[in-house]
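Quick heads-up: structures coming right below.
One chain, chain A, appears in both complexes that follow, with chain B as partner in the first and chain C in the second.
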Partner chain A sequence: MVRRYLRLLTVQLKASGLQALQYRADFFTDGFTSLCWVFTALAPLFVVYGSRPEVEGWSFGEALLVVGWFTLLQGILEGAINPSLTGVVEHIRKGTLDFVLLKPADAQFLVSTQRFLPWRAFNVLTGLGLFLYAFMLLGRGPSPLGLLTSVLLLGTSTLLLYSLWILTVSAAFFVVRVDNLTYLFTSIFDFARWPSSVFKGVAKGALTLVFTYVIPLALMTTFPAEAMLGRLPAQSLVGAVVGSAVFAWVARRVWIRSIGHYTSASS
Partner chain B sequence: MNARGLLRALPTMLRVSFAESVAYRAEMFVWVLSTTMPLVNMVLWMAVAKSAPVGNFGQADFVGYFLATFAVRQLTSAWAAWLINWEVKQGTLAMRLLRPISPLWGYASDNVAGFPMRVVVALPVVLLSIALVGADKAVPQHAWQWALFILAVLGGWAITFLANVAIGALSLFLDSSQKMMEVWMVLFFVCSGYMYPVEFLPEGLRTVIDWLPFRYQMGLPVELMTNAHDLPTALGLLARQWAWVLGMGALAVGLWKQGVKRFAAFGG
Partner chain C sequence: MISVHGLRKHYKVHKRPPGLKAALRSLFHRTYTSVKAVDGISFDIRPGERVGFLGPNGAGKTTTLKVLSGLLHPSEGEVRVDGHVPRLREEAFLKKIMLVMGQKQQLLWDLPPAETFELNRAIYDVPTLQYKQTLDELVGLLEIGDLIGKPTRQLSLGERMKCELAAALIHRPRVLFLDEPTIGLDVSMQATMRTFIKDYNEKYGATLILTSHYMDDVAALCPRVIVIDKGLLSYDGSLEALVQRVRPEKRVVLRLSEQVDASRLEPLGKLVTHEAGTAVLQVKQDAVNATISRALSGLPVTDLTVENAPLEEVMSELFAENKARRLQAAESVTA
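So, the complex of A and B:
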């Protein structure tokens, strides 16, 4: 069973890889635009830390780690998650999801792996670059344990991001015109740019609650950054792991229910 | 197409575009919701200004500034570059070219007709801003300030739209100019006052930005909305803004005219 899905994954990856090789020049154009966008994430930080040495307990180097995680996850989002799931919306609208459902493998697996855009993942490299720069500014490296935890959190963050995406896409079964839901999703993800403690002051902390428990953005970027700095409390780590597992389970349930609402397009 | 024909056609075009914008109101609503950037930056700056004000800006000023940014963004946004890219790629631009009126008017009317719907969205945000920080920080106080603000919004929209057309027209030379549009957007984000008031930038950078179009797309209307300038400064900035409108207009029309000659409809 597992082996069969691994083989399917390899096939899908190979197809996307071959396609990407056809457009090698995209590596440079996508890389360039990626660097440009990173600049928009950095510019406000430069301006902010021009007037303050510290914001809500985060120095410039530390906040840079959060931006690094933001950029890295954006790379994963745009390279591995977005392309496939935009395809699902297209399938639902055109009615071609039939062909996916007919195949003898799990539909969620098939649609989630149908397309990867390796060049878009350039952001992952940029994120790693930001980590290096941040630790140079901080004048120390991450502790081995911190590094290990952050790698674990990278897994949970990706799982969370993916589950949120599945939830968003499930909406496409109910409202058909949702091409721009992808934009909505990306722009909500923008809130993960800053350390989550900056939200403390807004609406008596209600926003912090929302971004920790409802749309768990804090878990995705702030937690891993704190883990790298070696100051993530153990219960937060456990919370992140359990929370993301629960989230993934809920997303799976919702997907299965929504797919029941799928009505193929006419003809 | 003479001016009289244009005047006769425009009301109908606007009516059609308006009907379209009403039909796709849910989609527009999602677009509005995805304008989170001002809010993302608002919370950051509020956290920064919690203990002490930054420059002239206290927490309330930031709320006023960024809610104004949100409203102005609704009123000045344009998306013609993506549309032109799409239509050039699909070849559907041919349909527009068949009409006895320049497609640019069509794009403009698509854009303008969305205005009423966007005002409907922007208005509650402005009211919220007034409720949160008081009228003097949220909206213009005098008639002349209102007049200049409206002029600045119009100018801001015009620069945005014409830049969209200019970059969109480049797709006729380059197959696709979407990446270029992304670069433009990045510059817009960084230079326009969208993410932070431009007065926080260092002196040297600010002089550069005063000469670039971006600030006049977003920063100027927002500053006029929050009463940041006295009359002479405001007039000076408005003059620069409208100089950019003219410059960008000439560029857009020039590029478009040259580009359309190269257009070859793909497909059937």
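So, the complex of A and C:
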């Protein structure tokens, strides 16, 4: 079973790689766009830290770690999650999801692995570069335990991001056009470039609560950055693991129910 | 192989009158109507049978095929395909069937069809040897050897459809649902597809249900037809018997060496067409022999054939009959 799905993943990855190679120009434009996005992500940080040494207990170097995580996850989102799942919306609208549902393999797996944009790996590399730069500024490196924890949190963050996308895309079974929802999601994800505590002052801390429990952006970027710095409380780590598992479970249930609502498109 | 009993599929559809006012009102108060796509049909199909699904647009043909392939859940009724309940979408079931849709495609647009074949091989878990054998056979029969390496987007519609069919058959399905597989294809490509489908059915004993607006497809492939109209089954039997029932008259086609006045033809039977040295007469079956001898003795006939009425005409007459019956029933209810 696992071997079969691993083989399937390899074939899907190969097809995505080949598709990416079909359009050479895209490779260069994608690389260039990624680079531009990194600078856009950094610009506000330079503006804010230009006039003060720290914000809500986060120095420039520490906040840079959060941006590093944001950039890395953006690479994962745009390279591995977004292309496949926005493809689902198109499938539902055109009725070609029929072909996915006719296949003797898990439909969620098939739609989630149908398209990868390998060039977006550039963002992942940039994220890693930002980590290096941040630790150079901080004048120290991460502890081995901190590094290990942050790797674990990379898994939970990816799972969270993926689950949130599945939930968003599931809405397409009911409302067909979810373009606005996907834009909204990407805009909200933009908040993840800031340490979650900077929102403490907004609406009496309500925003921090929302970003921790409802749309858990804090779990995605602030927690792993704190883990790297060796100051993530153990209960937060447990919370991230349990939280992401719960989100994945809910997303799976919602997906299965949504498929039942699929009405196909007329021929 | 396939058994359908009392199948109903009803959809809830939001309906509103045109205009801005109605649109605004529908934001807060929606009215729904129930559309009866399939309204209680039953039939059984034996293994290896080739059955044509006929019916006008919106009759419920595609809906029935989608229920049979597990894509849509029936509102009522019992459906089984080779012992499986389709809506459960069990792996064993999905490995046995395939739905080919002429208007939708599964081939990866930017990549050559060979990549889709490879993907399907992995998904259907086809053993390497069997995959190679099947692929060689499909490539040979459909003559797509030089196509499967070209990006799909560069193929013509006919070429794409042949590759689409190959992609659908990589796992050698035992039940094949074909929904308008020849739509938009030219006459020779339609003929190639028909021959191929028939060969596949005969070689693997696959059960086949076909919907098509091209009556030639149905005539060439399906000894049995099921007619669905407005979600109801209006005929199930042999194509020959259907033609006999709806249009028992035969068509006598006369080719004439010189122009003949219509008044000389009309006494022989109902004149259907008369142009450019060809006359088509519609005559009762028991009068065919007499008509032929009268035509041969009294007219400059160079060639003569006896045919059934074209299937298109038979079908439109059947649908018109059904419509008239429905209207009559509705009137008797209101009266």
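In the analysis below, the second predicted complex is superposed on the first by the 262 of 267 C-alpha atoms of A that agree within 3 Å, B and C clash if a C-alpha of one lies under 4 Å from a C-alpha of the other, contacts with A are read in each partner's own complex, and residues count from 1 in each chain.
What we mean here is this: contacts are C-beta pairs under 8 Å (C-beta built on N, C-alpha and C of every residue); 3 or more make two chains touch, one makes a residue touch a chain.
If you're wondering where the values come from, they're calculated on a predicted model, not measured in any experiment.
K.L.:
Which chain, chain B or chain C, ends up touching more residues of chain A in the combined arrangement?
P.N.:
Here the partner covering more residues of chain A is B.
K.L.:
Identify the partner contact of A:147: answer first if only chain B is touched, second if only chain C is, both if each is, neither if none is.
P.N.:
Neither partner.
K.L.:
Does the superposition put A:7 against chain B (first), chain C (second), both, or neither?
P.N.:
Touch status of A:7: second partner only.
K.L.:
Scan A:43 for contacts with chain B and chain C and give back first, second, both or neither.
P.N.:
Only chain B is touched by A:43; chain C is not.
K.L.:
Mind working out whether A:104 is in touch with chain B, chain C, both or neither, as first, second, both or neither?
P.N.:
Once the two structures are laid over each other on A, A:104 reaches chain C alone.
K.L.:
Can you list the residues on chain A that touch chain C in the complex?
P.N.:
Spelled out, the residues of chain A in touch with chain C are 4, 7-8, 11-12, 15, 18-19, 22-23, 94-96, 98-99, 101-105, 110, 260, 262-264, 266-267.
K.L.:
For the complex, give me every residue of chain C touching chain A.
P.N.:
For this pair, the touching residues of chain C are 11, 62, 66, 69-73, 89, 91-92, 94-95, 97-99, 101-106, 108, 110-111, 115, 118-119, 122-125, 151, 179-180.
K.L.:
Mind listing the chain B positions that touch chain A in their complex?
P.N.:
Residue positions touching the partner: 24, 26-27, 30-31, 33-37, 39-41, 43-48, 50, 54-55, 179, 182-183, 186, 189-190, 195-196, 200-202.
K.L.:
Where on chain A does chain B make contact in their complex?
P.N.:
Touching chain B: residues 29, 32-33, 36-37, 39-40, 43-44, 47-48, 50-52, 55-56, 175, 177-181, 183-184, 186-188, 190-191, 193-194, 197-202, 207 of chain A.
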